[in-house]
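Chain lettering (A, B, C, D and E) follows the sequence in which the chains are written, and residue indices restart at 1 in each chain.
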Amino acid sequence: EGEKYILVSHAPDSDSWWNTIKNGIALAGEQMGVEVEYRNPPTGDLADMARIIDQAAASGPNGIITTLADYDVLKEPISKAVDSGIDVIIMNTGSGEQAREVGALMYVGQPEYDAGYAAGLRAKGDGMGSFLCVNHSIQQPTLVERCQGFADGLGVELGNSMLDSGADPAEIKNRVLAYLSANPETDAILTLGPVSADPTLLALEENGMAGDIYFGTFDLGEEIVKGIKSGVIQWGIDQQPFLQAYLPVVILTNYHRYGVLPGNNINSGPGFVTADGLEKIEEFAGEYR
Amino acid sequence: MKNIEKHFGSVIALAGVSFDVKPGECHCLLGDNGAGKSTFIKTMSGVHKPTAGEIYFAGRPMHFEDPRDAIAAGIATVHQHLAMIPLMSVSRNFFMGNEPVRKVAGIRLLDKRYADEVTMEEMRKMGINLRGPDQAVGTLSGGERQTVAIARAVYFGAKILILDEPTSALGVRQTSNVLATIDRVRKQGVGVVFISHNVRHALAVGDRFTVLNRGKTLGTAKRGEISPEELQDLMAGGQELAELEGSLGGTV
Amino acid sequence: MKNIEKHFGSVIALAGVSFDVKPGECHCLLGDNGAGKSTFIKTMSGVHKPTAGEIYFAGRPMHFEDPRDAIAAGIATVHQHLAMIPLMSVSRNFFMGNEPVRKVAGIRLLDKRYADEVTMEEMRKMGINLRGPDQAVGTLSGGERQTVAIARAVYFGAKILILDEPTSALGVRQTSNVLATIDRVRKQGVGVVFISHNVRHALAVGDRFTVLNRGKTLGTAKRGEISPEELQDLMAGGQELAELEGSLGGTV
Amino acid sequence: MANATQSTAKSDERVKEISAIRKALIRPELGGIVGTAAVFTFFLLFAFDSGMFNSQGIMNWSVVSAQFMIIAVGACLLMIAGEFDLSVGSMIGFAGILIAIFSVSYGWPVWLAILTTFVLCVAIGALNGWIVIRTGLPSFIVTLAFLFILRGFTIFLPQVIERKTIIGGVSDAAEGDWLAPIFGGKVLQGLFTWLGDAGMIATFERGANAGKPVVDGIPMLIVWAIVLIIFGHVLLTKTKFGNWIFAAGGDAEAARNSGVPVNRVKILMFMFTAFCATVFAVCQVMEFGSAGADRGLLKEFEAIIAVVIGGALLTGGYGSVLGAALGALIFGVVQQGLFFAGVESSLFRVFLGVILLGAVILNTYIRRIITGER
Amino acid sequence: MANATQSTAKSDERVKEISAIRKALIRPELGGIVGTAAVFTFFLLFAFDSGMFNSQGIMNWSVVSAQFMIIAVGACLLMIAGEFDLSVGSMIGFAGILIAIFSVSYGWPVWLAILTTFVLCVAIGALNGWIVIRTGLPSFIVTLAFLFILRGFTIFLPQVIERKTIIGGVSDAAEGDWLAPIFGGKVLQGLFTWLGDAGMIATFERGANAGKPVVDGIPMLIVWAIVLIIFGHVLLTKTKFGNWIFAAGGDAEAARNSGVPVNRVKILMFMFTAFCATVFAVCQVMEFGSAGADRGLLKEFEAIIAVVIGGALLTGGYGSVLGAALGALIFGVVQQGLFFAGVESSLFRVFLGVILLGAVILNTYIRRIITGER
């Protein structure tokens, strides 16, 4: 009763996708009767994140749930935490293999490169040849992996297709417009989350390409769901952040209370959300999806 | 002005000073470095608020919140560290704080043409030929800047004109010019407060002389009542100067 | 120094000036505002490089790349705008650029104790009682700062001491002090270059007088060869001054 | 006084000649004008057929430049008044979140949300200014503190209130509001439809908008930029208050002694900067329908860069609003132009840095000539 | 001269008394000391049982503070010399990427990669300084340009060379290298093992390290921080050069006239700042084994904040390295402590802003007393 868990993410303060995570741990904490805290490096600097894991370990929680945004940087702090008797679950980024290597109990999430690769295959199947990947936070390695995976899935070079768009919506919108105007033959657009998807939607509306260009995105949000519904967006890759946050808390609590643990890693994504069966998603997008 | 006191933190700059100026006279304020002259006139011109004491102007007690109040009351000051802004043009400096306005479509705009004309005209009167009213003050020499500052104060019809060591950085000709200007201004019925270290400059134009020492007045004398030597002695604090004077041949 | 010329962009500040100083004499450089006095001595002290002309020191031509070279050669300068740093302590200012060092374990450290002692001692000699060597220069009065600057130059055994208007902002007593110091320094065999607007101050200590006007020398005179009035006239550019003098009673 | 006059005339003998043409050219905006010309020449040569100069392309970089202009006007006047504000970017984020919270979470009418936000943000600007004046601290430090404080609240408030860091749904709330279109609408739509019909500008060929002109109006963002530039320019060069701004920045002590109410001027300029930041934020929220905690990051630098490219002096007392507007234009055109020209997008920052350096060096040279500074 | 002596003695009559204790207390570091005491008291009261003061917790905030200290020492000396450097953060990212590219992509031995990086980065520091000196521009602008230029290359280079924005594998490359442990190693491991065996500090409970102490040595990062602080402190207060640093920042013109080689001092300080940033970067790369384009974001502000909290004057000529080190300690303890105390993490920025303001106001007060400034 009253176990304490800490979730450490790699995202900067302002990344809105992590709201769902916060909601997930809050709900799980309430339901299980445990205390869960959320921690992140304010600027998204992974070296700072390593310190936060150290610090979380020092504060002696029962378990730590963390992302594995960069194996090199995080392996030591995580395995140290494990060795000092704290149980760790890896969520979101990373892979089952890496999770085992750092001594974590299991992995819940969506391997980024694989998700990008799957999306690329899908787009290739739909006949796409060239694409634009709108990267709103180019410093984050995980986002670059998504673009890289997509390019490899399509079987083309990444090259200039990845746009360093910045995180400001007006900048994203206008840079996408500029890119599409200079490269009108682009077949497909991939956005990496609501931050880049929302302004891109507006951009497409403005230059009339909405519904005309092949548009896929990572993650869900209110606007993205609307876009899927109206047919502007072909698919959204749902990695189910809610589950990524909720499940580890539940698993850890049950493990600590009753010693039970799932035997396998959980791949919460990639699941492709398309125009079919959107009602529930629509209702909870941005909050639980 | 009666019994003005001014303290800065632990420093007592003025320890009760009384002083008055009448229209049309030039009252010289003399004193050594750090005697409190600048502090005193800053109090008079509203830059500092006195810690104690009162200021009367035309018989009424005044409370200056800031220099604007003093200027509005007719006290114009040319500060020791010049009140000029080097990056701004001469005409903007000249009218700084007193900009002429002109209504255009109900909006009060700066009347730049008028300002430029007046500036050129006034500067010409003072003997300074500007390249143009847009010339930056930073390109003028020290003496020229001093002259602009005085011309400005006079032009805005000050009833009392305070000059804090206007001559200390000036050459002989510039000094003569400034003294002549003071003379002219005084004759127009303006009360002039002239601050200096230089007894000769003071004697050239002063009607009355007040010596300040360590934040206190040592007394006031009328023109003719006091000799340059006495004044010098008063300022320097008296007898100890003798020995130095000897070796330097009394030329200071 | 021969035929020094110095141009600043479109301004010709010095148009060929020749000048010399001998050990143990005080050579006064006089001139109106903007005559080029400060520019001239800045050239002499290595701050500016001359556009044309040559500098000889003890018979050898010198090329000063920066003030350090001039200081190393024995030319110490007290600039018009003081060479003191208000936020630093008096002792650090005193030794600025000439810090005493002491070897500790092979590393050359600042000898602060020595610096402090010397500073206190030298300041006491000049008649300034510091609260302590760590007192910031910013807390000193203008006259006191001037004295520190002169004391510093003298202490470091300058062969030539250049003083740019050291007295212009000073009171009577402080001025006497500075002039007495110059006198003392001169008697120690140091060549002094003294710059002033004030003919009386110059006459009090000067052995020779050079007048600069609009970037050119108007000639050099020995002490006694020239009367104060002649000097005054030379500086002001001659005849035109007469009328002003009249109205002001010849007291300038 | 004949002698004095004569003496000044004589003194001209010591000044070398400066040609009349050179004199006529030298104005504070010169750097901006030269830069703008250079930038347009460059992109006309290297990106002409990329769509940068068709109607859509022009609208694209105009909107981006207009954004920069809005914050640059505020930053410019403040900089001339001798201070600067590092909290502009955080203020943009904060204002956006406030509007969203008021209108979406609290359900206030949008006009009330906008007006309340303006009042609050301008009050924070005044607080900034008041602290700078009262403590005498450099504005760098004070506004740096507010950079952190405002950003902290921008992240904290929506999380506490809405459990999100991005609040959407403002567009729906703004439906039918009278004030919202003043920030988020478009003008001259009739003209553009006519131009489109007349074949003067391209129309959409396919999709839902087929047949409509590709550019269907001037966004209010651009109108705001123009209004603020004109206001700023007139205020600075044509009014009494403008003189005070120069004076306050040139030498606050001297200005104070001459009777310029320096404190009032500076605080008002801090408020005006906050006002401009809020205009920026409101336009953005109305256009995108959502407010996020990450909005406005680094905008303070972008504003300062635009102003400095436009010839203002970082230390105050010198500059021009038109210059700042040109600086913002250069900034916007370069930023978008590089994308049109297909330059590797991460190199954008390198170009920005180089242009900044080049522009400032040019401006310094021009300023020295104008003011005779040494 | 008797009169003059007497006059000064007399002048004391005009100075009110200041108590001796008060005088003894007033030193540049006072603000830092008071702040440190306050911060520790606060966290001892409110976060004592959170693990903040067990061996791991102490190591945690010590390491974070040491990081801040390393860049603060450089920033402090530079600020005292009258300039500042906004490119520190970008320099950290850039240096890290260079090492990774040299050692991993090009396969150079790690020591060569490190040394080459030091040479390049210090050269960039010198370039910064040279531009500031030559053009007379404010360092704010020049280093802002470099903030963008260096960050641009930091993102661009790894993408071009490795097609990633993060380069790992430096640890493997560094295996057996003689220079790498000087940045990434630990010292006093024997002592900690002994402490662990003696039960004085906690040990790992399981895994490969079971039985070893949780804190197994002092990271070289901390050693570097201490070395740099001592070096900076001695340089500043005990050497000739230190006097020149104060002089260059207090009044460059006056210092130049007195024969202080101001240009050399300033350029050297820019180089030293770059050196510190590179030390930071190398330690980080060696510890984590990878370099990323996101490293060092906003670190320039953190360095400046630590220095300013430590009592230095933003405009130069005043400050102390010990103060800056205490400022860094305060910053680090607050940042980590708030996590320990369980404060909502987004409020961290709000606290930071408030502490910054409070510290600067306190320091200004202290400085005015010391220097008699008005």
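The rule is simple: a contact is a pair of C-beta atoms (placed from the backbone, for glycine too) under 8 Å apart; a residue touches a chain by one contact, two chains touch by 3 or more.
According to UniProt, the chain labels map to these proteins: B, C = ATP-binding cassette domain-containing protein; D, E = Xylose transport system permease protein XylH.
The model shown is predicted, which means the values in this text are computed figures rather than measured ones.
Trainee: Where the contacts of chain A and chain D overlap, which chains show up?
Mentor: E
Trainee: Going only through chains that touch each other, how many steps at minimum separate chain A from chain C?
Mentor: Counted as steps through touching chains, the separation is 2.
Trainee: Report back the single chain whose CA centre is most distant from the CA centre of chain D.
Mentor: Between chain D and every other chain, the largest centroid distance is to C.
Trainee: Please name the chain that ends up farthest from chain E once chain centres are defined by their CA atoms averaged.
Mentor: B
Trainee: Centroid of chain A to centroid of chain B, CA atoms only: how many Å?
Mentor: Spacing between the chain centres: roughly 72 Å.
Trainee: Distance between chain B and chain C based on Cα centroids, please, to the nearest Å.
Mentor: So the centroids are 28 Å from each other.
Trainee: Distance-wise, how many Å sit between the C-alpha centres of chain D and chain E, to the nearest whole number?
Mentor: 33
Trainee: Between chain C and chain D, what's the gap in Å when you average each chain's C-alpha atoms?
Mentor: That gives a centre separation of 50 Å.
Trainee: Give the residues of chain D that touch two or more other chains, as numbers and ranges in rising order.
Mentor: Touching at least two other chains: 3, 7, 151, 155, 159, 344, 346, 348.
Trainee: Got the chain B residues that touch at least 2 other chains?
Mentor: Counting only residues that touch two or more other chains, chain B contributes 34, 173, 177, 237, 241.
Trainee: Residue numbers in chain A touching 2 or more other chains?
Mentor: In chain A, 13, 138, 164 touch at least two other chains.
Trainee: Mind pulling up the chain A residues that touch chain E in the complex?
Mentor: Residues 13, 37-40, 42-47, 50-52, 54-60, 70-73, 76, 79-80, 82-85, 103, 138-141, 144, 148, 158, 164 of chain A touch chain E in their complex.
Trainee: Would you tell me which residues of chain C are touching chain E in their complex?
Mentor: 45, 47, 66-68, 70-72, 77, 79, 81-88, 92, 95-99, 101, 108-110, 112, 124-129, 135-136, 138-139, 173, 177
Trainee: Given the complex with chain B, which residues does chain C contribute to the contact?
Mentor: Residues in contact with chain B: 31-35, 141-143, 165, 168-177, 179-180, 183, 197-201, 203-205, 232, 235-237, 241, 244-245, 247-249, 251-252.
Trainee: Under the stated contact criterion, what part of chain E meets chain D in this complex?
Mentor: For this pair, the touching residues of chain E are 131, 135-138, 140-142, 144-149, 151-153, 155-156, 159-160, 301, 304-305, 308, 314-315, 344, 346-354, 356-357, 360-361, 364.
Trainee: Quick check: in the complex, which residue numbers of chain D touch chain A?
Mentor: Interface residues on the chain D side: 47, 50-52, 54, 56-57, 60-61, 63-64, 67, 151, 155, 159, 163-166, 168-169, 204-210, 214, 284, 287-288, 290, 292-297, 299, 335-336, 339-342, 344-346, 348.
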